[in-house]
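In C-alpha cells below, several structures.
There are two complexes below, and they share chain A, which is joined by chain B in the first and by chain C in the second.
After this line comes the complex of A and B, so read on.
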C-alpha cells in the first residue's frame, strides 16, 4: 500500500524547492481534475512506496481562490496518510495560520520550519520543542535551499503516516466552542470522529462549499443558525471573522512562548531594497533597465548567436567546433565572393541564352555582390575571359578549415544516399521532417536564455514587484498588475504565458489576460517579423519594435473595449499580493524552471509541429497533375488548391495569393510554421543560395511592402497556435469562452490588417473606394467602443466560479 | 482612526477594522490583516502600498487600503493608559 503525503504551505514558503529536493526528477505534472491548477506529484527519493503530492500554495483553507478549493478538496476527500506542512521560519505568525487549520483535519501533520539558516543568521530563536508541544504535532527544522534536514522531515512524515492523528490543541472562546459543540452534535455526529471538528468549524463559518456538500436538513440548519447568531452577537463580529481572529490570537500566544526575535520592527534588507526598487521615482527606470538587460541578452546578443548556431550549424551545413577555423574560412570565403558571383552570373546568363558557358565566348553579363540583407553592394561586368579565370578558382569548403562538425541534414543525407533511399522518402525526411523541426528547435537556445532570466526574476522576488509597479498602468485598461507577468512570459512563449495567468485571483481579470496575452509577439512570431523585415523592408530597424507596439496597442485597445462590454463590466479586482523577501535563488532551481518551460516547448515542437510539417510537405508535394495523383510541382499541389480556395478571404488585406493563405493556416498549427511554410513554398528549388535571401527575393515578388505588413499584423494578432489555444481552453475551462477568445482575436486581427492595408493604399494613391469606406467604418466603430461612456455595473459579480472536484 | 492610505511611511499602526465585501475581507484576513494586528507602510507608489503585516510584505491597492482602518500604535497606548 502506497503512503501518500501531501505537501502544504503558503506561497513563497519554499514548497516547490522542498518538493524538488524530495522527489528529484521523479515527478509527474498534470492538472487537478476539472480545474486548471497545476498538479504535481512525485515519488520520495529512496522510498518507492511513498508518493508526495505538491498542493498549490495557499494561505488558508477558505473557499475564496481556486488554489484553496483544490487543496482543500484533496485534503478532505482523498485524505492523504500525512500532511507535511512547510512554514517559513522568518514569518511564523502568518504561516501558522494555515497550520492551525491543517491540524483540525484529523490527519497526522508534521511541521517543517523552513529557512532556519536565515532565522539563525538574523539571530532569532525558535524553540522547536515548545512549538511542537503547543501545536500537538512533530516539528522539524529544515532549509530547503541548503538541503538541510529535508530527508529527516520526510522520514518524520512517513513515520507520522502510520501513527496517531493530530489533535488540534487550540480552542476558541467559550461561546464559539459552545456553538461548535452543538453543530458537531446536530450535523456531523455520524462522521468519523477525527473529521467532525473541521466540518463543524466550517459550518460555523457558513462555508458555502461545505454546506453544499453536506446538504443539511432545513430544521438542522435553522437550529445551528441560532447558535451562530448568538456567538456573533456576543462577540460583535461575523462568524468567519471571529474564527480568523481567534486563530491569530492563539498563534500570538504560541509565538510568545517559543519564538524570540532579535530586532523586531526594524527594516529588513528586503525592505531596504524595496525602498529603492519600488520607489516612486526609481521604480519605472529600474524596471525598464531590467527589461532592457533581459531583452538585450536574450534577444539581441547571446540569443541571436545561439539561434544562428542552431539554425545554420546543427540544422544547416555544419559548424566549426568552438569556432576553430571559422575566421580562416571566412577570409577564404570573402576572397572567393567575387569569383563566385562572376561564375554564377555567367553560367546563369549562358543558360538563359541556351549556350554552354565553356563555349560562350561572346557572352557578356553583370555580376552582383549582395550584402547580408540582399542589397546590391557592387556590380561587376563579366566577360568570357573573366569567367574562365574565376571558374578556375575553387570554392572554399568550410569542412577543410579547422575542426568541422557537419550538420544533422548533411549526416542524414549521406546516410540516406548510402542505403539508396527512394526520392520521396528522402524528400519527406530532409525537406519535411528535419527542415521543419530544425527551424523550430533552432529557437530553443534563445528561448532557454529568456526562460533563464524569467526563472531568475521569479525566484529572486523581483517578478512580484513588477506586478506591483505595473498595477497602476494595467488598471487603466481593465487588467491587474499581475497581468504583466503572463504578458512578459508571453513574449517568450504564449503557452506558459497563458498558464501564468493563474496567479490572478479574479475571474474577469484572468479571462481578459488570457484573451490578450497572445497579442504580444511570442518567440515563435519573431522569425515572421524577421522574415518580413528582411525580405520587404531591407531589415529596417523599426519593423520589430512596431510589432511589439502593435501587440501592446492591441492589448490596450482590447482591454478598454472589452472592459465596457457586459461580459467584463465592473472594476478589476482589488489588488493584493504577497511580496516574497528578496533572496538569491539556487542555480539548480533556476535551471530546473528554465528546463521545464523549455522542455514543454520542445515537446510541442516534437509532436504538433512535426505532424504539421509532414502534412505541409505532403500536401505541397503531392497533387493531381495530368489526370493522376502523385508527386507534382508546387503549383499543382493539394496545398495550392486549398490555398487558392481560401485566398479570396485575404484579398482585401492585400495578400490574396495561395502562399500567404496557406502560411497563415499552417501558422495556426504553430506560428513558426509561417516561416517554415514560406521556406518550403518559396525556397527549396535553389540550394546554391546561402540562406534567407533566396526566399526574400521570391517574397518580394509576391508581396508589396504594405501587403507584407498587413500580413505581419494579421499573423501577429490572429488566433495563436493550437498549443496556445489548448492552453486558453484549459485556463478558461469553458468551450464557450475559448471560442469567444479565438473569434475575437481573429476578427480583431482581420479588422486591423484591413484598416492598415486599405488606408495605406488610399494614402499612397492606390486605394479603392469601397475598401476605404469600410476601413473608416471599422475605425469609427473602434473609436466608439473606446470612448463610449463606461457604465459601471451596480451588482458586481466578482465571485470566482469554482467547479468543486469532490 | 484613519484609513491606511493616510498612514505615515515607516510608522507602526494598529488595525482597527477591515470593511468591504465579505470575500475581499476574508481574503485580507487570511493574509493577516486582522483587527488588533500591527501594520507598517513600507513604501507607496501611485497610490498602491507595500505594507508589513505579520512579518510579511504585502502589496495592496489604494482602494483596498482605504477599507482598512488603522490607528497609530502610540496613540492607542495612551488611550488604554
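After this line comes the complex of A and C, so read on.
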C-alpha cells in the first residue's frame, strides 16, 4: 500500500519549489476532474512507495473558492496518510492560519517552515521546539530554494503517516467550544473520532458544502442553530467570523511565544523595488516596457522566427541549418525574379496559343513584375529570344545553398514516392497527418518562449503587480488584470494567448479570458483583413484598425454580457490578492514550468487538432466527379457540397455562396487558409500572395463591400482555428465549457455580422424589413444584457465531483 | 462610520468591525483582516483602484469597494 502525503500551503510559500525538489522528474501533471484547477502528483525521490500530492495553493479551507474546495474535498474524502504543510517563515502569521485548520482534520501533520535562510539573514528567530509544542505536531526548518532540510521534512512526514493523528491544541472561547461540543454530540458522533472536530466546526460556521454533504435532520439542525445563535449573540458577530477571528487571536499568542523579530522598521529590498515598480507615475510606463519586451521577443522576433522555422522549415520545404546559405539563396532568388517572370509569361502565352514554347518563334508577350500589393512594378516585353535566354537560367534551389535540411514532408514524400504509395494515402499522410502534427508542434517553439516569460514574471512576483495595476480596467468586463497578457499575446497568436490564461487564479476570470481572447485579430487573421481591404476597399486605411476595434469591442461586450449569464453568475470573485515579495526565481523552476505548459498543450490539445485537420483534409480533397468517388479538385469535393448545402445560412450576412462557407471551414485549420482557399475557388490559383491580390477582381464580382465586411467580421469573431480550439479545450478541461465557448463565439459572430450587414443595407437603401427588424432585436437584446443590473454571487455554485471514500 | 477606504496613504488604521457577508467577507478575514488588527495603507494603484495595504507583515491589494466594508478607527 502506497503512502499518500498531501503537500499543502499558501500560494507563494515555496510549495512548487519544494514539490519539484522532493519529486524531481517523477511527476504527473493533470487537472482535478471537471475543473480548471491543476493537479500534480509525484513519487518521493528514493521512496518508491510514497506518493506526494501537490494541493492547489490556498489560504484557508473555506467553501468559497474553487481551489480551496478542491483541496479540502481531497483531504476529507481521500484522507491522505499525512499532510506536509509548508509555511513561509517570513510571514508566519498568515501562513499559520491554514495550519490551524489542517490540524483539525484528524490527519497527521508535519509543518515545514520554509525560507529559514531568509529568516536568519534578517536576524529573526523562530523557536521551532516551542512552535511544535504549541501546534501539537512536528515542525522542521527548511529552505526549499537552497535544498536545505527538505528530505528530512519529507521523511518526517513519512514517519508521521504511520504515527498518531495530530490533535489540535488550541481551543475557541467558552461559548463556542460549548456549541461545538453540542454539535459533535448531536450531529457527528457516529463519525470516526478524529474527524468529528473538523466537521463540527464547519457546521458551526454554517458551511453550505458540509451541510449539503451531511444532510442533517431538521430537528437536529434546529437544535444546533440555537447554540450557534447563542454564541453569535454573546460575541456580537456571525459564526464564521467568530471562528476566523479566534484563529488569528490564537496565532498571535503563538507568535508571541516563539518568534522574535529583530526590528520592524527599515525597508527590505522588495519594498524598495515595489516603491518604484508600482509607483503612481512610473507603474504604467514600466508596465508598458515589460509588456513590450514580452511581446517583442515572444511574438515579433524570437517567437516568429521559431514559428516560421517550425512551420516552413521542419513542417515545410526545409531550412538552412543555422541560417547558413539563407542570404545567398535569397539573393539568387531575387536575381531570378526577371527571368522567372519572363519564362512564365511566355510559356503561358504559348499554351494559350496552342504552341510548344520551344517552337513559338514568332510569339510576343509582356511579363509583369508585381510588388507586394499587386501593383505592376515593371513591364517587360518578351520575345522568343529573350525567352530562350531566360529559360536557359536555372531557378535557384535553396538546397544548393549552404547546409540545407529538408523538411519532414519533403523527406516523407520522397520515401512514399520510392515505394509507389497510392496517391490518396500519400495525401492522407502528407496533407492530413503530417500537416496536422505540424499544426500542433508548429506552435510549440513560440509557446515555449512565451511560457518562459510568464514563468519568470509569475515567480519573480511581477505578475501580481500586473493584476494590481490593470484591475481597474479589466474587472468591468468580468476579467482580471492578468487578462491583459493573454489578450496582448492573442494579437500575435491566440493559441499561446489562451494558454497564458493559466496565470489567472480566479476560475471565472480565467474562463472568461479563455472565451474572449481569440476575438482579438491574431497574426493569421491579418491576411484575411488585407484581402478584404485590398479587394473591396481599395486598401482603405481604416479596415485594419476597425478589425482591432471590433475585436476589443467584442471582448468588452461579451465580458459584460457573459458575466450575467447562468454559466458565469455562479461564482464569487473577491479581489483580495496577496502581493508577494519580489524574489529572484531559480532557473530550474522557470524551465520546468515552461516545459510543463508546453507539454500539456501537445498532449491535451494535440489530438483534437490532428483529428480536425485530417477531417478537413479528407472532405476537401475527396468527392464525386465523373460519377465516381475519389480524390478531386476542391470544386467537386465533399466540402464544396457541404458548403453549397449550408450556404443559405450565411445569405442574411450577404455572402450566401458556397465559396464563402468553404473558406470559413478551411479557415478553421488556420485562418490564413481563407485567402488560399479563395485563391483556389475564385481564380484557380494554387498559390496566391499573402493578401491575395491575384483574385481581387474576382472577389469584387462575388462580394459587395458590405458583404465582404460582414464576411470579415464573421471570420474574425467566429470559432478560432483548431489549434486554438484545442487550447481552449485544454484550459477549460471540460467538453461542456469548450462547446459553450465555441458556440458562443460563432453565435456572437453571426449576430454582429448580421446586424452590420442588415443595418448597412438599410442605410444604403437596399434593406429588407424582416432583416432590419431582426437586426434591431439583436441590438436591443445586447443593450438589455449590457445594462441589466447585476449582483455578485456570494457562494460557490460550481459542482465539484468528489470521489467518495478512499 | 470611518472605513478603510477613507484612510489616507501612509497612515495606520485599526480594524473595528467587518461588514458585509459571505464570500467576500470570509476572504477578507481569511487574509488576516480581523477585528483589532492594524493596517498600514501603503499606496493606491496608478489608475486609482485598488489600494495596497500591509497587514500582519505582508502586502495585500484590495478594491476600494471592498475596503468600504472594513470599519476602522
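As a working rule, the second predicted complex is superposed on the first by the 499 of 806 C-alpha atoms of A that agree within 3 Å, B and C clash if a C-alpha of one lies under 4 Å from a C-alpha of the other, contacts with A are read in each partner's own complex, and residues count from 1 in each chain.
Simple rule for what comes next: contacts are C-beta pairs under 8 Å (C-beta built on N, C-alpha and C of every residue); 3 or more make two chains touch, one makes a residue touch a chain.
Quick caveat, the model's predicted, so the values are computed rather than measured.
**Q** Applying the touch criterion given at the start, work out whether A:93 contacts chain B, chain C, both or neither, answering first, second, both or neither.
**A** both
**Q** Look at A:240 in the shared chain and tell me whether it touches chain B only, chain C only, both, or neither; answer first, second, both or neither.
**A** both
**Q** Can A:64 be said to touch chain B (first), chain C (second), both, or neither?
**A** both
**Q** Taking the contacts chain A makes with chain B in one complex and with chain C in the other, which residues are shared?
**A** 59-60, 62, 64-65, 90-91, 93-94, 97, 238, 240-241, 244-245, 248-249, 274, 278-280, 283, 464, 467-469, 471-472, 475, 574-581, 796
**Q** Show me the residue ranges of chain A that touch chain B in the complex, using the header's touch definition.
**A** 59-60, 62, 64-65, 90-94, 97, 238, 240-241, 244-245, 248-249, 265, 267, 270-271, 274-275, 278-280, 283, 464, 467-469, 471-472, 475, 481, 505, 571, 574-581, 796, 798-799
**Q** Which residues of chain C touch chain A in the complex?
**A** 18, 21-32, 34-35, 37, 43-50, 52, 56-63, 66
**Q** Contact residues on chain B for chain A in the complex?
**A** 10, 12, 21-32, 34-37, 40, 42-48, 50, 52-61, 63-64
**Q** Quick check: in the complex, which residue numbers of chain A touch chain C?
**A** Residue list for chain A touching chain C: 59-60, 62, 64-65, 90-91, 93-94, 97, 237-238, 240-241, 244-245, 248-249, 274, 278-281, 283-284, 464, 467-473, 475, 572, 574-581, 792-796.
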